[in-house]
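Once you've had a glance at the structure underneath, I'll fire off some questions.
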């Protein structure tokens, strides 16, 4: 088995790209791979605690919590989060925050990287 | 190189995709990219399909948008699930990019 | 002042990649309760017009709930019909994409009397002209 | 003078559309018009309190506070905000929250509406 | 009707813009829409400018992206500021849309 | 294991409408400090390649600070050159847009030794081939 690092810049709810990233992380984990996940830009919305489930909106918080419990390292870009007013106390439990160098360092020790840019 | 490309937009206006070259090239249509697999553009199949590549479409994203394998405009497009995509990324290609 | 405001919501983007078309539908449906903020005799009547890639929103058989736990855009179109909003779809844009009229969302399962109106772009342009306000999504 | 209502769905920082909406609101107000502003979808990010100013990121919080102080009614879609984990206590002071009917009702009493869709 | 249109994307792939009609039509190029006013597309001026309309470009958005009035590809495009845009919206047109 | 990872960041979107190109630049610059997370002998070297509408990012005279209080994408390109990152720009894509090479960002004002390399797409394609990892923005 190998290591996959997924980076994602896309916003919560809107684009479905973050939904895709979370689904892919889950599928890779289920196949026995190690998975890291980096969210930056509007992707940091994923880290906000207290997301409410409505059926009209994508709801990813629960899946992300399960991934984290399952050993997936999920990390938000600290500066991107702070600029949006997401501080440490706004962050989902066990959702890490680091500067962008964390992502590059994870790439170094990963067999594969999928970077999801765009909105 | 063995290169995989994920296309998620129904409109491709820039020319990077057209110019990409690889010994082995795979194109995965996901998100709104699935429209290239199932609807026409001005009455013709999407130009995205002109590329010399293996084509895949993510079944769940196709179904989310109201289409099934019966709607595929070209028999060369293979429906896959997320688990198969993991193998394409982790095992069968050197690099995978999200265009 | 008694006033009925006619709004035309023009949806030109495909579903799911952007939340935009779904928000157009939910905003239009909110017209039902807008009166709590309005004076007597004032009301707002939105009409929905799908053009360009926006026509991809009104397809039937969307399985968003099955795959993403998300109510489908189709479902919102059906609900809009149920509350008697007019839903217009551009004929030329359906044809260019090879989408038959048998593929369009149907509100009757939910009990809607209204059906989708497939119209040439010229008729939708006339609706833009006639509307008091135009909102593009 | 007349009344302008601006609606905006675009995300904070990313697209510059929200920057445009805020600038237009300010310019209209300075010319003596009444202005209402509605943010929905990812636009509700504008309502998050505690946004931090960095020169690498758009920073709109201060301008929005000034607009509100100047009588511009700025309102976020409540459901869109809640789904993203932005609750009442996460919201900037005097930034209102209502359901979508508020926007339509403001349109009824406005001379002009500019609706900014897209990301 | 007197219709104003704000274009903010450099890529226009759908055909709504091309089909819009009005007795008086104004097109404001703002955000990344300013590229239609100052750069070419495959060596030619943008097709967006083919429309029978009054064209405006938002100076601040043009300057943000590294261009000035001297770069305009067509003399018919008038540079304006946000204050002038307010007048276009509030006084000179019936309806204004963001495409 | 000693390892130098070569990453190619391919930027295909224009600036400002999306935060994406600027994030590409700031992520690339973060390679300078990534070693705190790495073993001895490990390092990461990103190269930036601007193609398609992405070439619009590297223009000079961007006045984002004046008009939006925002550091310009040009400034980030200059900073990238200053820390000796390679910055590649597609020649054909500049030409198609009528942009001369005299319009490109220059890092020398900040003291950079590196300059932007204008290359045909085929050369950028060869860089994609040679890179260990490819990240598209």
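Things worth noting here:
Lettered A, B, C, D, E and F in written order, each chain numbered from 1.
One rule holds for everything that comes next: contacts are C-beta pairs under 8 Å (C-beta built on N, C-alpha and C of every residue); 3 or more make two chains touch, one makes a residue touch a chain.
Everything numeric in this text was worked out from a predicted model, so none of it was measured.
Path length between subunit B and subunit C in the chain contact graph, taken as the least number of steps between touching chains: 1.
Chains that touch both subunit A and subunit B are the following: C, F.
Between A-F and B-F, more C-beta contact pairs join the chains of A-F.
Compared with subunit C, the chain whose C-alpha mean position is the greatest distance off is F. The pairing of subunit A with subunit D is characterised as same-residue: of all residue numbers used at this interface, over half are used by both copies. Of all chains, the one whose Cα centroid sits at the greatest distance from that of subunit A is E.
Computed centre separation for the pair subunit A/subunit C is 33 angstrom, with centres defined by C-alpha atoms. Per-chain Cα centroids separate subunit B from subunit E by 34 Å. Put simply, the C-alpha centre of subunit D and that of subunit E have 24 angstrom between them.
Touching of two or more other chains is recorded for residues 8-9, 11, 14, 31, 95, 97-98 of subunit E. The set of subunit C residues touching two or more other chains comprises 16-20, 26, 53, 68, 133, 135-136. Along subunit D, residues 13-16, 41-42, 56-57, 59, 80, 115, 117-119 each make contact with two or more other chains. By the touch criterion stated above, subunit F contacts subunit B in their complex at residues 10, 12, 51-53, 93, 121, 125, 128-129, 131, 133-136. Here subunit F touches subunit D in the complex through residues 16-20, 22, 26, 65, 68-71, 76, going by the rule given at the top.
Within the complex formed with subunit C, the residues of subunit D that make contact are 7, 9, 40-42, 80, 99-109, 113, 115, 117-119.
Residues of subunit D that touch subunit F in their complex: 13-16, 19, 55-59, 119. Interface residues of subunit F facing subunit E in the complex, by the touch rule stated above, are 14-17, 53, 56, 59-64, 66-68, 72, 74, 95-99, 103.
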